[in-house]
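Alright, structures below, take your time with them.
Each of the two complexes below includes chain A, the first together with chain B, the second together with chain C.
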Partner chain A sequence: MAGSGENKTAMMRLSKFKYLAPRSVNDAAKMLADAGPTASVVAGGTDLYPNMKRRHQTPKTLIGLRRVEGMRGVSGTPEGGLRIGPMTTLTALERNATVKAAHPGLWKAVHSISTPILRNMGTLGGNICLDTRCNYYDQNYEWRRAINFCMKCDGDTCWVAPGSKVCLAVSSSDTAPLLCAIGARLHLVSATGEREIAAHELYRRDGIHFLSKRPDELLTEIVLPATNGWRSTYRKLRRREAFDFPVLGVGAWASFDGPVVKEARIFLGAVSPAPVEAAEAAKSLVGTRLEPDAVARASDLAYGPAKPVDNTDFLTRWRKEMTKVYVKGALEDLRGS
Partner chain B sequence: MIAPSVGLPLPRTDGFDKVTGRAAYVDDLRVPGCLHGATIRSTIPHGRLRRIRRDPAFDWSGFTFVTAADIPGQNVIALITDDQPALVDGIIRHAEEPVCLLAHRDRERLLAGLRAVTLECDPLPAALTIREGLARKAKIYGRDNIFKEIRIRKGEVRTAFRGAHRIVEGTFRTGLQEQLYIETNGMIAIPERGGRMSVLGSLQCPYYVHKALKRLLGVGDDRVRVVQTTTGGGFGGKEEYPSMLAAHCALLARKAGKPVKIVYDRLEDLAATTKRHPSVVRHRTAVSREGRLLGMDIDVLMDGGAYLTLSPVVLSRGAIHAAGPYRCENLAIRARAVATNTPPNGAFRGFGAPQTIFAVEMQLNRIARALRIDPVELRRRNVLRPGDSTATGQVLDAGASGPLVLEEAVRRSGWSVRRASFTKRAPPDPERASKAPRKGTASGRIRRGLGLSLFYHGAGFTGIGEVYLDSHASLAVTRDGSVEIHTASTEIGQGMRTTFAQIVGDELGLPPSMVRLAPQDTSLVPNSGPTVASRTCMIVGKILANAAADLRDALVQWAGDSPRRAPGRRATRGPWNPQQFRRLASAWVRKTGPKVFTRKYDRPPGMKWDEKEYRGDAYGAFGWGVNVAEVEVDAETFEIRVPRVDVVLEIGTVVNPLLAQGQAEGGTLQGVGYALTEEVVRKNGRMANAQLTNYIIPTTADTPEFRTTLLSNAYRHGPFGAKGMGELPLDGPGPAIAAAIENALGVSIVELPITPERLAKAIRARPAHE
Partner chain C sequence: MKTRLPRKRKVHLRIRVNGETHEVAFAPHKTLLEVLREDMGLTGTKHGCELGECGTCTVLIDGEPQLSCLVLGLECEGMDIITVEGLADGPQPHPLQQSFAELGAAQCGYCTPGILLASKALLDEDPNPPRDRIREALSGNLCRCTGYIKIYEAVELAARRLKDPKAEPSREILRGYEV
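This part shows the complex of A and B:
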């Protein structure tokens, strides 16, 4: 074989781009529509900027949402449904006493993201729309060039599963499985209109086109369901107590009639390009009191939908096995002590 | 009169500038007209370089392009052996090997230029592991791919095995580890008008770089000048690699006739620079019924990577420490460093010892289980005591602090009570554990364990190494009457700026603030040797103390006075106060000319070393340590937490307890990462997890509570009794944590890092306990 590789590295720098700073949602939506497909919005920038340095994305125009009015903060009451602006920083959510008391599941998910420093910059909207990740993608340009790139960026092959027709980069958002599980709704605005969708409808099982949100749409609000007799939790597998993206996330939700489960939802994060619903597992909980046998049965059922592939840290087999243990832990959280 | 400062927890003199962002690291320096340089590296582990192709359609104006053909001197990075080229000339021997260099004023153009170069290579079969290197799957070094073989023999091993009560065997493995200094490798080369090449950068050993550049450029001493810039950590990672980076900058700068800067990004630094040597250590031990070590047969293999670099010396330290701090009259150690087609491994805090100490400590635990003896008791029976001799036959004096640190650690950690409360329960059964209560004790999901390691670490170069180094250090008296230290020893975060000032200040009866440090610039300071091997405080500090004594005596004599203290006694108060000294010293220099007092290394009397037979006094002094680690293991997920580590170290006189504690805790934490999470993943010889998102070091949230105790058993030949301590703390955490996990789960641990996946495998393979 001739012509085999070379590897050249130089300090990673941001590519050149134009930066726009709209003051209103309407302006932002218009700018996004005008700039076309080479534009991107930026919230906290904690994920986008490193990606730009690695040339995963090279937007010609960045629309910064930092100064847009009304996209920040928590409003409403838990009983009526809290509304959260997507530009609310993760730290602000963590420190919000109402969120912590009324939505411990969301609070746990937010608290588990990266580090305090990055949470100071990172936003809820940014985490919801977080780019998918992969061992073959989250490398610098030179590294990717040496493997002739991958399907997600600049190449044709998915190195995780070379036969795959879709990109298998993994959804790595901590809040996504939780928001899907509790049934949060997302408000989207574009220059031509607005709509509201369920959180789970935002995600697609395609590591490249992983959001159903159109490129000209902005996420403008996250609406949490009214709290009335349900509980939620989040469990996260990672190597360290900080920093790491999830290699498995479990968002679990159940509503109760006294001690008896009326309805339940379980979403698994970081096992697929989208949060994966473990519907059978959740269904098996209905009518139970989350007693140990019911929890064990549901955990076994959750094992099936989890199909981790070689795209993150930890061995895939290990991540699959841990699905059982982590779902069990989450359901124990829901049962309470 | 000034109170002595040795022993005081003075804050680092360089600390304020570093935490306030004032300190200028190499990438902060603005050099007019400076070009940015970059390296084109191989992506294959072994092959023939046929051609370097530059895209003819690309606009090459403004670029400087360097290949091996541009090297004016020899194409080697001079260190121990001349096997490593600065740039590939013909054969590629590892992935990430530098092939050619580019420089341009504009970084974006530079990136575009890099992408317009193609390497045409014919791949060859590659040996990527120790086993493949030994099997000569590829020809890399010499006839047999062995960089160095060391044999240490003592007594009659065969006879000892014949008379044994039991023979215990074990094979232990450790992986690669990255130093992970915060500041990546970076360097600037500036061609000066007179033809001299100045190189400024992040480095540990200015004179190593100096030596390498002279050979590369084919010039004399005064045509190369090397200056250390503020350095954001080294840990051995800036011992030899900076010579390579300096070579590249100098070649580009020479050709361009302009300054050139290269600063690696984290990915390049992780993928291309040196790591800790992976090891496979096999133990066979003959023991008596009471657990005495009758005979030890040890085989050590280390993966050196594709070039020799420092592997023979790393191997040597590993071999000498392979029998641990234990008495054994019959032993045979065979150690080999093997060549593989992987980036060269090199210096890393501990320098071969953490690998072999992990193995011997795990072997001791195995013996303890085989004989049903408490691991502390087993160590008590075998630990080296004054009068005993080490593996190389070095007879220890009263400085043998093994029993001291062991008993102190047992007492302070509450070993007996805690260990008893964690032990004596059934090994976990994942099936059963999953039904058990979440936070139980005996059969619960969270299993706790306590483990202990006992270790020692020789300070300074091995054997006759310090004699060969022939280190010099000077003190100069300035016209304003203050004192200036002239050494090539570098501040890399360990605190030498502060400890040197304390040592010299005390010797002169001056406050440390009156002692300044000259820049680490080879055109200004003598060669005080490399800043490595736990030698800076103990060896160079002592040379400085001696120079300070000369200075004091000369000044006293000039002043017509006589020393008021007996020689060799610690000067608790000088014959002057600071103002008097300043006036007197200033007058002295003005009236009689510049004053420089240079001393060189004095070998402690009686030290003997036979390099051929590996017999004799390997080190002037040993630091001693015990770690007691507590772990919590989730019996279902095998996630491991380390809530507490007791660290007991004996390091001679503690010059600065604050800095020493920092070294102790930092080194121990680095050992926690080594034990649990730090793993280099390679695909076809290239690092696949060269980022901090997946090369996992402990964070603050993963940091145990450290209970650190520093003990002092003064070393006669160290400054004010100090020993070296930089590397010692990293030797203990691996085996202590592994032992704690063994205690918690009843499994046998044979490999680092202990990831949950590996632990689960070990559990499934049970019973592994003998």
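This part shows the complex of A and C:
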């Protein structure tokens, strides 16, 4: 009969929690501070809810941000720097003509995420704060118990690198390397104050403590740099063209003086617990016209900083090898557009 | 089950499902999928992976396809939900249902409710979608039986039938292509 018990069907259920639905950023920040470390905010839930079903996270209090005013939408102008609310869904960003025209790199990264249905639900803020991923971690509770868990959750060994002091779970956000490369800024608010940081400062090379953001801080705005003669792009490697997280992402940015590169930045995603800057590769592009030789040299230099480990889809060596190919493709995008 | 203690702290909410407003009481940690299937008896919405990885639980929320396994029932307060049970017009199946049945676009049928709803959202937005657009719109719904071609053909036929109820499938679609 309808309404009968939960345990009749085998289903992965969410852990239990108290749900709060603040209407303002201030209320949300205060609730988060009051509820302490066992609370979590939830945006679209497409990362947090699967994690709760697998018992990675079991927040006692959930603070839903969907009814908070002023956290959604795109404002400003490209020339003055677009400001994006973290609750803007990925679909809304994808359909925003200004974003598509002025920030093709961000658009490509967003368009490459998961599936159209998940993009209707997932938000930019959730994508930026996405949990790190690992084959030994993204499994249900019973699976993880069978291997006696791992350091990131409930256990104390790292099955990828048993000698490692830090967890090597992979930064798997598609927008993270792109936002780092273009130099986006993130606005954080807590009950005790607010601050703005560069996107790359948010991430730490530690699969467990992968964000420098304090747990009581909310991401309230993403500020894109003013468009003035720079270009950006994103390239992503994965097995299927839908659903799959990146096993390599390349966010690339360059500013130009005519056809000549003035400055460049390249960030690699999914090869470490944080987006990794390929600084030497980017530096080697300065003064070039992204001619084939320059692109080949930079692609070789980007190979070094890519340090994937054996915890995602595909062979590790091949993923590392592909860095050259995908950086080359990204730099060709920058030259071509 | 008579001895079960009364469930504590249920939430009482109004949600609109298939055009009707329902008052439902359920535990606050339940997903929309669980509420539909267990508290409202609407088992047309299937549960597959429960982690966002298959798309079979797709429903329309305010006209947009979303995964009912990854949204809380209580997050749906005041929203308009369409499930597969709401597709037919009385005894008359929706043109999508009709063409799926006719062209063999449903085999085991497990993916079908989700695919029907994702297809409906697409046709509501673009009554004449090219094949690429259909492929993209359905790329979040896995089907392990059909190989997708039949599904694309059925969506195309339904699109034609929504304009001309008498539209028939082409000979090639029914009998195969001559080589």
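As a convention for this text, the second predicted complex is superposed on the first by the 326 of 337 C-alpha atoms of A that agree within 3 Å, B and C clash if a C-alpha of one lies under 4 Å from a C-alpha of the other, contacts with A are read in each partner's own complex, and residues count from 1 in each chain.
Everything below uses one rule, namely that contacts are C-beta pairs under 8 Å (C-beta built on N, C-alpha and C of every residue); 3 or more make two chains touch, one makes a residue touch a chain.
Worth saying up front: this structure is predicted, and the values here are computed from it rather than measured.
Once the two complexes are overlaid on the shared chain, A:S255 sits clear of chain B and of chain C alike.
In the superposed model, A:G45 lies in contact with chain C only, and not with chain B. By the touch criterion defined above, A:L14 lies against chain C but remains apart from chain B after alignment on the C-alpha atoms of chain A.
With both structures placed on the common chain, the touch criterion links A:V325 to chain B but leaves chain C unconnected.
Shared-chain residue A:P292: touches chain B; no touch with chain C. In the superposition on chain A, A:G64 contacts chain C only, with no contact to chain B. Look at A:S190: by the touch rule set out above, it reaches neither chain B nor chain C. Of the two partner chains, chain B is the only one that A:L315 touches; chain C does not reach it. Of the two partner chains placed by superposition, only chain C is touched by A:I117; chain B is not.
In the superposition on chain A, the residues of chain A contacted by chain B and by chain C overlap at 1-6, 9, 11-13, 16, 115, 241-243.
Looking at the complex, you find that chain C touches chain A at residues 1, 4, 27-31, 34, 37-41, 47, 50-53, 55, 58, 64-67, 69-72, 74-75, 118, 136-137, 139-141. Interface residues of chain A, counted against chain B in their complex, comprise 1-13, 16, 115, 135, 138-140, 142-143, 145-146, 237, 239-245, 292, 296, 312-315, 318, 321-322, 325-326, 328, 332.
Chain B makes touch with chain A in their complex at residues 36, 38-44, 47, 50, 95-96, 99, 102, 107-108, 110-111, 114-115, 117-123, 263-265, 267-268, 271, 434-435, 438, 636-637, 677, 686, 688-694, 696, 698-702, 755-757, 760. Across the interface of their complex, chain C is touched by residues 1-6, 9, 11-19, 44-46, 49-50, 53-54, 64, 66, 91, 114-118, 120-121, 241-243 of chain A.
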